[in-house]
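Below you'll find the structures, each written out as structure tokens.
Shared chain: chain A. Partners: chain B in the first complex, chain C in the second.
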Partner chain A sequence: MYVAVKGGERAIDNAHAWLAEERRGDPTVPELSVAQIREQMALAVNRVMTEGSLYDPDLAALAIKQARGDLIEAIFLIRAYRTTLPRFGSSVPVKTAEMACERRISATFKDAPGGQVLGPTFDYTHRLLDFKLAAEGETPTAPEGEARREPTPHITGFLNREGLIQTEDESGETPPDLTREPMELPAARALRLQALTRGDEGFVLGLAYSTQRGYARNHAFVGELRIGTVAVEMDIPELGFAIEIGEITVTECESVNQFKGSKTEPPQFTRGYGLVFGQTERKAISMALVDRALRWKELGEDDQGAPAQDEEFVLMHCDNIQATGFLEHIKLPHYVDFQSELELVRKLRRAAGAEEVKEAAQ
Partner chain B sequence: MTQTQARQQWMSLLAKAPPADLARLWAAFGDAPAYSFLRAPEAGGVMVQGRAGATGAPFNLGEMTVTRCSIKLETGEIGHAYVQGRDKDHATRAAQIDAMMQGAQAEALRAAVLDPLQEKMQAIRATRSAKAAATRVEFFTMVRGED
Partner chain C sequence: MSDYNFAYLDEQTKRMIRRAILKGLAVPGYQVPFASREMPMPYGWGTGGVQVSAATLTPEDRFKVIDQGADDTTNAVSIRKFFERTAGVEVTEETEAATIIQTRHRIPEAPLSEDQILVYQVPIPEPLRFLEPRETETRKMHSLEEYGLMHVKLYEDISQHGAIATAYAYPVKVEGRYVMDPSPIPKFDNPKLADCPAIQLFGAGREQRIYALPPYSDVVSLDFEDHPFEASKADHPCDLCGARDSYLDEVITDDRGGRMFVCSDTDYCRTRQAQGHLGAQLAAKQEGAA
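Now for the complex of A and B:
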């Protein structure tokens, strides 16, 4: 139990003043601008937008600056800000088949129609520190090729033609929203996907890795990973038609999983799905693997008792703001609480001591 | 193209336009009639949806910031705007342009503001596509000895 305390106002003010000074760091070093963070720490900005669940690169960059680079603290700031925004409505589901792809790879089809496009990737770098970056003043430029005009088709579409992969049939139902109603279990897949996309990257990565190592083994391939921009469309009530209200960068991962069939489903490939804001591919792949593991019930698979199959375990623990809120509150004053614990331990020790004296006397 | 389709196009263009580019082109156009707000610019959020497996049931991906605004020109036309981000001036300009595109200045405005804006945005996109194309790779499967 937490019992409120009061006092310490001046100490708190002074602590925050020192926080501001420390945030600035050595004043002889130029101050970092929000625009610099947005442009040059883009992957941190993307993570904060994804887990903060708000697409706004400037706000995410500001949050990172305010949080001194602590990304979970930055995500907390964005979540708090998000709750102050009036909700204008919901978009039409984004059409990732029409994405302007900047990266698009398939680990399953070498000759994927639309091509294997590496994009600005860390893959195939040697992971050696580049000391040239420590010197300032470089403005690198990338070579250009013959741009592709037509949209890039999804890989799973090719497997669908042979009927070898489970289909995802379009529906127009309104998805549940965990920012509006508390999560109820068992959760529909739509709710699981919402929880996973804003879930902690490290937690979702760890769970995904556990499925690869044998906990709820489902042998995933990256059928397709694509990063690029999609238009966001919304119906405007006062106009009576839809317009594009913006354009966002997203990362999408479709995993393709071996499936021997079950009592209810024929042998075929099954799918896991990851979709996140920005260029955030580790998270997208992780999300797809965990989504697939959580689908065991609807696919008629056995419960292997693995953590990644346990919907309650995954969904109730993947949110880093809930987690850190509860975890960090234990450092706040619990004096009254602890006082009663102290009394109890003293009492138990007195009782145990009296018992020992009695035993010794016998 | 119907009038509605044309309006959808310019409103979409204004929603996605970089605010600084629109501000510059709008200032250069200069000739703006007086207006009053029907709805003052207001920042809010829109829940962006995706689909499970890209084609299946919709789910909530997360919100994005959007600013909306409605104005009425003194000549009577009403303009609406929903633009990405939190820039209130951008939303106001977009609503003014939406209203003016329904009036006598439409052609001049298209030539001076909308067309250059579209060209600029297309050029940015084309450059990124060209850079992506340069990273297109052909993987070859190596023949192994045992066969």
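Now for the complex of A and C:
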């Protein structure tokens, strides 16, 4: 005899208790502190801050701990927390030209004012497992040099002087806020860039890669990649001027894209742009390539029908919190709709069967 | 959870949602874009319904949550608990006692009243989505009342299968104007959408849309004169309460093909059993025990 399943509430509570136990793992192994994650899993923290749209390394580290290292789950925790925060206002645009750079490279010029600064990069490491890291207790030190005090101007600025690169006009408009207004298409570039910054690193990377392989190829060079700290300033109405309220680390990528010109635009270099929190350079470069691919309309290029050119396809599917929620919801009970399908299929089969019998009799 | 505002969302957000709800009620069946918030539960798990409920709840309300018609399915339990914690409202499993009912995939069997609001969780609000994936296109189609594609799809079903092969989320036309997705309710429930005394609100969180049916709306399931709409269910009475008029879930009871049919609306079934109605299997069990 069937008895309806009861006790969903107790099952949920017990599942949560089990989860907490699993999160801690073997209790004889020391527990990870939030500070350890913040300091030693910094690139994971950066990704969570970027896609979570909240600059707070401690909270991001906490989210990673709570999520057992599942970064999308951690991003979700940060987003859900962020929504509850009051809005005091918005900062003035950060001046990335005044960035205190830790890393700054250009693939388009051998040298330029400000120089090439490799910074803390994996780029030229040989990917050999370092078994020394399995042993604890080492505190590596890096040689130190004199900090450069001069500003590090943007590489694209040099091209601009010759008129070789398309200029970006400052519209002066307040950009829309993706987290406060529903997405409306077609989207302005400011909105597209917001969506890409928050977009899933893997998804944006895949799309960027597809442009390199010929799906709306846009001949991108990394004109400049810079990572460092910038001041965040905010206009205080009572004061009548902007004051610095803090400092954040960001990665900025400007791609320089070859462009033969179109019906509406002369031959010149064009740009793609990426800006993300922390050192998150794979994402910044990917973002710049996808941004450039999405600009085909304003540059009078042809629509090649490539996924990376399709604004609606990209913007509606790049958010991993939306994607994972909807994907995973198919775990929820669907027996009512499934039942209606069952009956429909049975009915159609009965009808088809009767048809066959009739034909056989004829 | 005292750190959060009543029903979790801040008042500004609730106002924004209420405006969307009012617009939806003013233009029945029209999908109103709204700035859906990130909720502390995943998209696709009822965030639209939760936001609509949060914007609609008052401290005096009695709240009921069902998923697949049942109050005790895990996600219904989870959503009910969320509002118990964040709004402290009274909750109930009785359809008639509830003032707001949040539902996923069902309309309760018991008739609703003018004092009630039914809040639907909606995964894909766009009835034309699987015919045309682009939102930019489907919005245009709605504004031009260009629904030919939908009729062609239904016609193709008939020519291919001899019947309209849509069993749930069966499209309806509201007040002779907008074609609307009633959320994935079985088409058995479609007739209950029409002329309903309660307010019906539909929330799609991930897709950022709210739409609504004011009380006593004209809601017609799309069909053809020679292939009229048919609300279907398993041709069987409930094995627990004997109801012949309720939507049934099929339950597999053993590995030898044994199965039974029970009301998907758990409150309806329980109420009928309390009134002395007995289904075949429950009657057999009681006889065995006597």
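Basically, the second predicted complex is superposed on the first by the 352 of 362 C-alpha atoms of A that agree within 3 Å, B and C clash if a C-alpha of one lies under 4 Å from a C-alpha of the other, contacts with A are read in each partner's own complex, and residues count from 1 in each chain.
Following the convention adopted for this analysis, a contact is a pair of C-beta atoms (placed from the backbone, for glycine too) under 8 Å apart; a residue touches a chain by one contact, two chains touch by 3 or more.
These figures come from a predicted structure and were not determined experimentally.
> For the three-chain model obtained by superposing on chain A, do chain B and chain C clash or fit?
fit
> I'd like to know which partner A:V232 touches here: chain B for first, chain C for second, both or neither.
Only chain B is touched by A:V232; chain C is not.
> So, A:E312: does it touch chain B (first), chain C (second), both, or neither?
In the superposition, A:E312 touches chain C alone.
> One more residue to check, A:E146. First (chain B), second (chain C), both or neither?
first
> Now for A:T324: first (chain B), second (chain C), both, or neither, which partner does it touch?
Touch status of A:T324: second partner only.
> Quick check for you: in the superposed arrangement, does A:E301 touch first (chain B), second (chain C), both or neither?
Touch status of A:E301: no partner.
> Just chain B (first), just chain C (second), both, or neither: which does A:R103 touch?
first
> Tell me the angle subtended at the Cα centre of chain A by the Cα centres of chain B and chain C, rounded to the nearest 10 °.
110
> Regarding the shared-chain residue A:R82, is it in contact with chain B (first), chain C (second), both, or neither?
Both partners.
> Check the superposed model and tell me the shortest C-alpha distance between chain B and chain C, rounded to whole Å.
Once the two complexes are overlaid, chain B and chain C approach no closer than 12 Å between C-alpha atoms.
> For chain A, which residues lie in the overlap of the chain B contacts and the chain C contacts?
Touching chain B in the first complex and chain C in the second, residues 82, 86, 179 of chain A appear in both lists.
> Note which residues of chain C are touching chain A in the complex, please.
4, 8, 10, 33-40, 42-45, 47, 67-70, 72-78, 81, 104-106, 123, 134-136, 161-163, 165, 167-169, 184-188, 206, 208, 232-234, 239, 247-251, 253, 260, 262, 264, 266, 281, 285
> Using the touch definition up top, name the residues of chain A that touch chain B in the complex.
Contacts found on chain A: 49-50, 53-56, 58-59, 82, 85-94, 96-97, 100-103, 110, 115-121, 142-148, 154, 156, 167-179, 189-191, 193-194, 197-198, 229, 231-232, 234, 236, 238-239, 241-248, 250, 252, 254, 271, 273, 275-277.
> Within the complex, which stretch of chain A touches chain C?
On the chain A side, the touching residues are 1-2, 4-9, 11-12, 76, 79-80, 82-84, 86, 179-186, 312, 316, 321-322, 324-329, 332-337, 339-344, 347-348, 351.
> Residue numbers of chain B touching chain A in their complex, please.
4, 7-8, 11-12, 15-16, 42-66, 68, 70, 80, 82-86, 125-139, 141
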